[in-house]
Amino acid sequence: MTILKKITMAFAAVAIAASAGLAQAEEMRKVRIGTEGAYPPFNSVNAAGKLEGFDIDIANAICEQAKFKCEFVIQDWDGMIPALLANKFDAIIASMSITEERMEKIDFSNKYYNTPPAVAVKKDTMVKGISDADLKGVQIGVQSSTTHANYAEAKLPSASLKLYPTPDEYKADLVSGRVDAVIDDVVVLGDWVKTDAGSCCKILGTLVPDAKINGIGAGIGLRKGEDDLKKAINAAIDAIRANGKYKEINDKYFAFDVYGG
Amino acid sequence: MDNLATLLSFGPEGWADEIAYGTFITVSLALATLPLGLLIGFFLALGKISNERAIQISADIYITIFRGLPELLTLFIVYFGIPIALNLVVHDLLGFDVVDVNSFLAGMMALGVVFSAYASEVFTSAFKGIDQGQYEGGHALGISNFNTMRLIILPQLIRLALPGLSNLWLILLKETALVSAIGLTDILRSSGIAARVSKELFLFFGIAFLIYLILSIISSLGIVAIERWSKRGEGVR
Amino acid sequence: MSNPDLPLTPAIDTLRPPPPARRWSKARILGVVLLSFWIAAGLSMIYYLFSAFTWAFYDRYAMKFVNGIWVTFQIVGISLVLGALLSIPVALGRLSKNKLIGAMAFGYSYLMRGTPLLAQTYLVYYGLGSFHQELQSIGLWWFFREAFNCVILIFTLNTAAYQAEILRGAIENVSKHQTEAGDALGLSKMVIFWKIILPQALITALRPYGNEIILMIKGSAIASLVTVFDLMGETRRAYSRSFDFQTYVWAAIMYLSVVETLRRLWNRFEAYLTRHLERDSD
């Protein structure tokens, strides 16, 4: 009798433990995160085929904080918003600026960093400055469907624009001289000119961002109506800002505070 | 040289494993697309030779559309358009959870419909090469329509269509490269990533070029073997 | 002598069964279903475009699309013409009895036809781009600097290989007897080739040439992946900004109209050039 009781209890215990485990697994919301993997130091793919960078670490920290089961999906930049809308993933964590134009289609979390755009040129450049007059007739390379492309189109009408699918291509074309200048985030370009590949080039200056075009910092892109997810992510951003996790990641990559004012 | 050996190694610092995986994806995609394209193409050809005007026109519309659109555009339309349309139907009307078309499936569908449009032309002209008497013979022997098609027409059809289809296979193999533009890590995309990260653009794009060339050569040799096999009954002339 | 035709004619008439009444066979039902599907698809597309269209969209993108088509035409036109010129020596090389020349021509043609146009384009644009210093020192960089030139170069090399195969097939098709007849008349090799073989070969090559033009129009969409704003490039740019799916639908309509128009014109052109053959075969 006691043996039977013991066995029954053991079974019951296992069953309870199993169901508790299940319940916990169910609570872990699965969130697929779209990222580009071509935007160092924020997100890039290394030779082992693994994603790395500031965005990736922040994404992992947010997922850990919010108890999400996260999985990354690599998506080309110009298909990022369509892919989110087509439900290929649930959130974009890829240094996407929060702009009015994008807000028409998708929703954003609060910002998780904010840095200004800059112009990079070759060290022996003929380009004198970063005003529209200085850039007259200059070939400018930017990544397509970025705020930088929109900025150049709106504010630098005298320059001629070339659009590239990823930053690596405009970088290659700046090195080879197919374009005379490139525009991107100051951190991205600043990091690059310090590498061997970018040793040809320098930062000419930072542009004054136009909030209407450049937005108010990088946020996490979400489909409209996903308010629970947005709330959870915003709470997680606040939490990692408060508990030092954000600073830890920040310091791993940057010598300054990227969160911005 | 040391650096080059590292880049081309299979380890975590090298890109050989990524590119090998890309090659696997390219070959799988082409192999998965082939039966789909052949099947649709065969039914399209049946439609083209049908006596029913409405079927003929329907097949013609299909062929005109998918033969006329750039493959790259078809790919984008399938990749971005089908999920939107599916979500509209499945999610908003039926209330089911959302569905996704991943880039492999999108590539398979897009390349499959394009392949079928071209394959239908090969099949149609092969059908024309089969004498009317073959159908009548089957009919006279009391063989059902289905079995006439299966046992009498199809074996001859395959032999007649083989050269055209082999050509289409070679085209398909090359067209899989376009899926790199919708994010599938095939040969071109994996070597493209390697090229960008390592800054060895010529090296890695050159490797991609060579892998495609090798795949084409293997295919050509395979095709020669299959054609010889299919002609084994014809005897020496 | 009685005329045998007269009594027979009515007999055949009575023997011939009446034409079967058109009934709702399975095939017919299928046909109607399929056709209704296409009609429904066409109508819903028109409805979609009608509801999605705005004048703002038109103002913003219409001219860009037109420019894009123009660039596409330029790429296709220039590459096809240059490719046709280049294809003649390649085709002759393929036909040459000299083993070395034959192997070289075959190697070139296989290299171009055995690899994807996209891989070739990347190799030339980005791959050669990384040798800008070397290219600069031999004075060729001005050419490779422009994406448009790179695209023209690689498309020309690519189509030349295909056109050479078309030409070679067509020349081989023109019977050997034609050359022998020319020889017997004491015509020179050049005259035989240019005046007898080539004209006939070109006529049999008309259809594959037409296909090649269409393949080039479709293939030229690849130029959009290396910063050229052809029709596909403008489409991608418009989509990446507006995320409005109608951009792709409009692009599809434009490509289809161009390809279909061209195909029909080419068919007419072919029928016109081969009208002397029609009468014979009939």
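We just call them A, B and C in the order they show up, numbering each chain from 1.
In this text, a residue touches a chain if its C-beta (ideal position, glycine included) is under 8 Å from a C-beta of that chain, and two chains touch if they have at least 3 such contacts.
Keep in mind that this is a model prediction, so the values were computed, not measured.
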Topology of the chain contact graph, where touching chains are joined (line, ring, star, complete, other): complete
Chain with minimal offset from the mean of all protein Cα atoms: B
Label of the chain whose CA centroid is most distant from the centroid of chain A: C
Distance between the centres, which are taken as Cα means, of chain B and chain A, whole angstrom: 36
Averaged-CA centre spacing for the pair chain C and chain A, given as whole angstrom: 42
Interchain centroid distance [CA atoms averaged], chain B/chain C, Å: 19
Per-residue multi-chain contacts in chain A, two or more chains: 79, 82, 85, 169, 172
For chain C, residues that touch 2 or more chains besides their own: 126, 129-130, 225, 236
Junction residues of chain B - those touching two or more other chains: 80, 84, 181, 199, 201
Touch list for chain B against partner chain C, complex: 47, 50-58, 61, 64-65, 67-73, 76-77, 80-81, 84, 170, 174-178, 180-181, 187-188, 192, 195, 199-202, 205-206, 208-209, 212-213, 216-217, 220
Touching residues on chain A, where the partner in the complex is chain C: 78-79, 81-82, 85, 101, 105, 144-145, 150, 162-165, 169, 172-173, 175-178
Touching residues on chain B, where the partner in the complex is chain A: 7, 12-15, 17-18, 79-80, 83-84, 87, 98-102, 181-183, 193-194, 196-199, 201
Complex contacts: residues of chain A adjacent to chain B: 37-38, 44-49, 74-76, 79, 82-83, 85-88, 166, 168-169, 172, 197
Contacting residues of chain C [partner chain B, same complex]: 25, 27-28, 30-32, 34-35, 37-38, 110-111, 113-120, 122-123, 126-131, 214, 217-222, 224-225, 232, 235-236, 245, 248-249, 251-252, 255-256, 259-260, 263
